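In the two complexes that follow, chain A is the common piece, with chain B as its partner first and chain C second.
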Partner chain A sequence: MKAVRITGLIVLGMLVVAFPIAFPNPAVTTIAVFTVLFAAAATGWNIFSGYSGYIALGHGVYFGLGSYAIALMCQDWKIPGGTIPLLLIPLAGIVAAIFALPFGWIALRTRRHAFIVITIATFFIMQLMAYNLRPITHGSAGISLPLPPPSWTGNVFNIPFYYSALAILLFALLTSWWVRNSKYGLGLLAIRDDEDRALSLGVNTGPFKLVAFVISAFFVGMVGALHAYFIGSIFPPFAFDALFDVIVALMAFLGGIGTLAGPVLGAFILEPTQQYFTLEFSNNGYYLIIYGILFVVIILLMPEGIMPTLQKYWIKVRSSGNSGQNEPEEVEKKNKKTAVLKAAKGEEKGQSHETA
Partner chain B sequence: MAQLILEAIITGILSGAVYALMASGLTLIFGVMEIINIAQGALVILGAYLSYALQDKFHIDLFMGLLLTMPVMFLLGLLIEIVLIRPLKRDRTMLSILVTFAIALIIEGVLGVFFGTNYVQLHSWYIDSTIQIGDYYLSYIYIFGFVLSLILLGLLYFLLYRTKFGFGLRASMQNRTAAELIGIDVERVSAITFGIGVALAAAGGMAYGATSAFNPASHLDLISRLLVIIILGGMGSMKGAPIASVVMLVIEDVTSVIWSPVWANTVFFALLVVILLVRPRGLFGQLESRKQ
Partner chain C sequence: MKLLEVSKVCKSFGGIRALDACSIDVEKGSITGLIGPNGSGKTTLFNVVTGYEMIDAGEILFEGGSITDATPDKVFRLGMARTFQLTRIFPRLTVLENMHVASQREGIRALLSRWSSSQEQQRALELLEFVGIVHLKDLPAGNLSYGQKKLLEFAYILIADPQVILLDEPAGGVNPTMINQLAERIRTLNKSGVTFLVVEHNMEFVMGLCDRVMVMHRGTKIADGTPKQVRKNPAVLEAYLGD
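Let's look at the complex of A and B:
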């Protein structure tokens, strides 16, 4: 079982790494870059919202801050296009994380609904700032980023962006995996299940939540920075995009919120679909209608997300196959079953916290 | 200067009443159902467009048109609640945000298909002509809109505090489970509440469209303001929403006069942050009780 899993992961990793070599068509690799970027953003979002249960709907703030940070760095330090802006991406992420400290501190003074609404309000404040702080952001005129060197054209253009995005995704996944399996992550999950009880059991809830918030802002900021460099110019409504706030959450929800692979899976399904719709119907309102209907259908059909649904199904199949087997086999299967159950436990916790 | 500030305060109070209509719908829905209706802004814009279409195609007066648009929007609200919100059983708050956001996108798309993305504004004699108060000229619509809001809010308060349905509704607001236990059909109350909230959005939309230009994408700006209003007033507080609306609009108008219109929103948001630091539950909000 473990061997299968590891082999599967290696094969999947190789497929993802080899993707732009197998499909060098720029139209395809462009979609691939966006998809990997959003997978990284959704994973980052999930580190805070998925594990702590606090739904943040304003992560567009950190996306936009990352975008503006890299654009301003390139502009003020007169950095030429090429690999240097790619190296500045972590710095842009740190800028976003620094902003996340006070924002998170204020927002996390509230809980549940009020928290959600405050994150939305923060988003609109920052979008307004991007419009109004003209001396810094140039208002609605936007900022252009340096053009990549001429050697990066045709089929090669997307390659550096793709692998940079992949690096961010990998970093985010490793962090997410570490959080999930650490004592710190256990504290976050406890907050998700019952915050007051977690507090009374000695979980230092305030700093726990704030640190997760800052970590997730860091990743979303890096995604914003790479996105800005890839697009080449930024404007307030696109750097601070209200749709981004919700789409990241929807991706995590579709895949399975609070799971490691869920947000990635959600992004890999939703982002190519969205890109396709944008290409097909971008000239009229039909794009919004189709996208909205798609949203609703996903949520109504799969409110738990794909990963938890599959896991439940898997457990069902295992347990129904168990009856009427020989003794030794049954024991072996039971062991396997408990292993699967243990793996699924985190998800079950997530389901119980609302109904409790 | 003092004269200008006084005028700004009057305009703020008058237009604040219109926002109170929309925000009351939003906070009512939140109070009863514990969901945040992100589509409220889009429904307001839809109401504005319906009034616009009735006037444009059938030459129906804007206020008369409300007699038609409000029942239609009420039914639309019922439909949305029954078909899209009710099936959400677990993780209601979060999923309802996503669903209502999707509804907002669909409405925006549909409006874009029918009306295009250009800005429009409602026109009528009471919008284009002004009344003189001292040295100050004010469009009639501000006064009419204010009166309309007072009437509708009055009706709403009568419904909430003087009828049997209102008792059931407030009981559901206080404690859903307990209300169910004493025989209140909470599902039915929820559906009707959603309908009322949406019907209020229609009326608010007409008054909003009469005082400012709008296009299908205006709902994002609107919902951000409405959300801020209901946090300031205290989520689910029927008393807080109108007061917060008036406070917000007055601050905005006064800031535009003494500083610059560009910063009007920012000052209000900054004030909100300060208030939340002191009082996380808003002005009139209930303390969040522990859910078990």
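Let's look at the complex of A and C:
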């Protein structure tokens, strides 16, 4: 089983790496760059919101901060186009993470709905700042990023962006996997289920939440930086994009919030759909209708998201498929099940006895 | 030796005095019962002791040190664990994962270590065995029955080896057979040195289990002694039966 999984992962990895070589058409690779970028953003968002259960709807702040950070660095340090801006991306991520520290500290004083509202408010404050802090951001005139060198043309233009995006995605996935399997991650999941109870079991909930918030801002900031360099210029409404806030969350929900691969799957479904619609029908928002329909369907058929539903289905198929062969593991499971049933029944009896 | 000392603690919610100069103490190694009519302040007392509520006046000492301003996680790490009246487990984690929440590491070490070491895994299984739900270890905890959840909650605080355990109505809603098992386990743990403070409405359970019983009424202690003494105390009868 493990061997199958590892082989599957290797094949998948090779497919993703070979993709721009197999489909060199710039229209296709452009979609691929956006898709991988959004997969990285959704994965980063999930490290905080998925594991801790705090739904942040203002991560556009860190996307925008990453965008502006790299634009200003390139502008002020007079950096030419090429590979150097790509190397500045982690720095832009760090800038976003530094901003996340006080923002997160304030927002995380609240919980649930109040938290969501505060993240949204932070987002609009930052967007207003981008419009109005003209000496720094040039307001709605925006900032241009350096153009890549002439050697990056035609079919090869997208290649460096694609692999940079892939590197960010891989880094985000590794971090997410690591967190999921650490004691720290278990603490986050405990916070998701019952924060006060986690606190009374020695989980230092405040710093736990804040660290996750900062980690997710770091990844979203890097995505913003690469996105800005790829697009070539930034303006307040697109760097601080309210749709981004919602879309990363929707991607994670679609694929399976709180799972490792869910957000990636969500992004791989939603982003190409959106890009395709933009290409076919120009940027008139038809894709939003498709989003709406898709979400109604998902919420009705698999409210936990695609990954958890498939997992459950897979376990079901496996246990029913093997029923004739009586694998020892399966038998044990069945025994356990009957034991549980018995225990539950026994207790019910006991309780009804007590009430009688 | 006094393990826990609460002296003249006051706590008001709006105009209601939930605790009114309340003083109690718990001897190390004892099983102490805390009873009283509904609304007498028992759960509030638990909440202030474990750091969930800040008190208006008074002092709380644990092993001689002040924990008056301590937060719940600090109180837990000092060695005082509690259960809740309405059982609180982590429903989406499996039973075994629930067991590992309480063995947190300090600071950055939490990020660098796995969910459980093999020793902790061993210990978690032993404790689940001890309370009798080890066969359910891979189920999501939310699927357990009410009584099983109570047992799980009891088991997962034991993993941190607390010195004192505060039980808030451990027998409420649990069937009689399980109540006896629970009492048995409390006695076993007590023999190995764990101190207990138990809030409970089931008088039979309290009187059979505790060495000493304190009675609260209107936010303050009105009686204190062996179960026999308390049973005969006129103030107690007054509180339960009077006005």
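Structure notes:
To be clear about the criterion, the second predicted complex is superposed on the first by the 301 of 356 C-alpha atoms of A that agree within 3 Å, B and C clash if a C-alpha of one lies under 4 Å from a C-alpha of the other, contacts with A are read in each partner's own complex, and residues count from 1 in each chain.
Keep this in mind: a residue touches a chain if its C-beta (ideal position, glycine included) is under 8 Å from a C-beta of that chain, and two chains touch if they have at least 3 such contacts.
Computed from a prediction, not measured in an experiment: that's the story for all the values here.
In the overlay built on the shared chain, the residue A:Asp193 is in contact with chain C alone; chain B does not reach it.
When both complexes are overlaid on chain A, the residue A:Leu300 reaches chain B alone and has no touch with chain C.
When the two structures are aligned on the shared chain, A:Ser216 is found in touch with neither chain B nor chain C. Once the two complexes are overlaid on the shared chain, A:Leu250 sits against chain B while remaining clear of chain C. Contacts of A:Thr35 after superposition on the shared chain: neither chain B nor chain C is touched.
In the superposition on chain A, A:Asn181 makes contact with chain C only, while chain B stays out of contact range.
Judged by the touch definition given at the top, the superposed model places A:Ala242 against chain B, while chain C stays out of reach.
Judged by the touch definition given at the top, the superposed model places A:Gln311 against neither chain B nor chain C. Shared interface residues of chain A, touching chain B in one complex and chain C in the other, are 196, 351, 354. Contact residues of chain B toward chain A in the complex are 30, 34, 36, 84, 87-95, 97-99, 101-106, 108-113, 216, 220-221, 224, 227-228, 230-231, 235, 262-263, 265-266, 269, 272-273, 276-277, 280-282, 285, 288, 290-292. Interface residues of chain C facing chain A in the complex, by the touch rule stated above, are 50, 52, 71-73, 75-77, 81-82, 84, 88-93, 97, 100-105, 109-116, 135-136, 138-139, 145-148, 156-157, 160, 173, 175-178. Listed in rising order, the residues of chain A touching chain B in the complex are 55, 57, 106, 109-114, 116-118, 120-121, 123-125, 128-129, 131-132, 196, 242, 246, 249-250, 253, 284-293, 295-296, 299-300, 303-304, 351, 354-356.
By the touch criterion stated above, chain A contacts chain C in their complex at residues 179, 181-187, 189-190, 192-194, 196-205, 208, 211, 336, 339-340, 343-344, 347-348, 350-351, 353-354.
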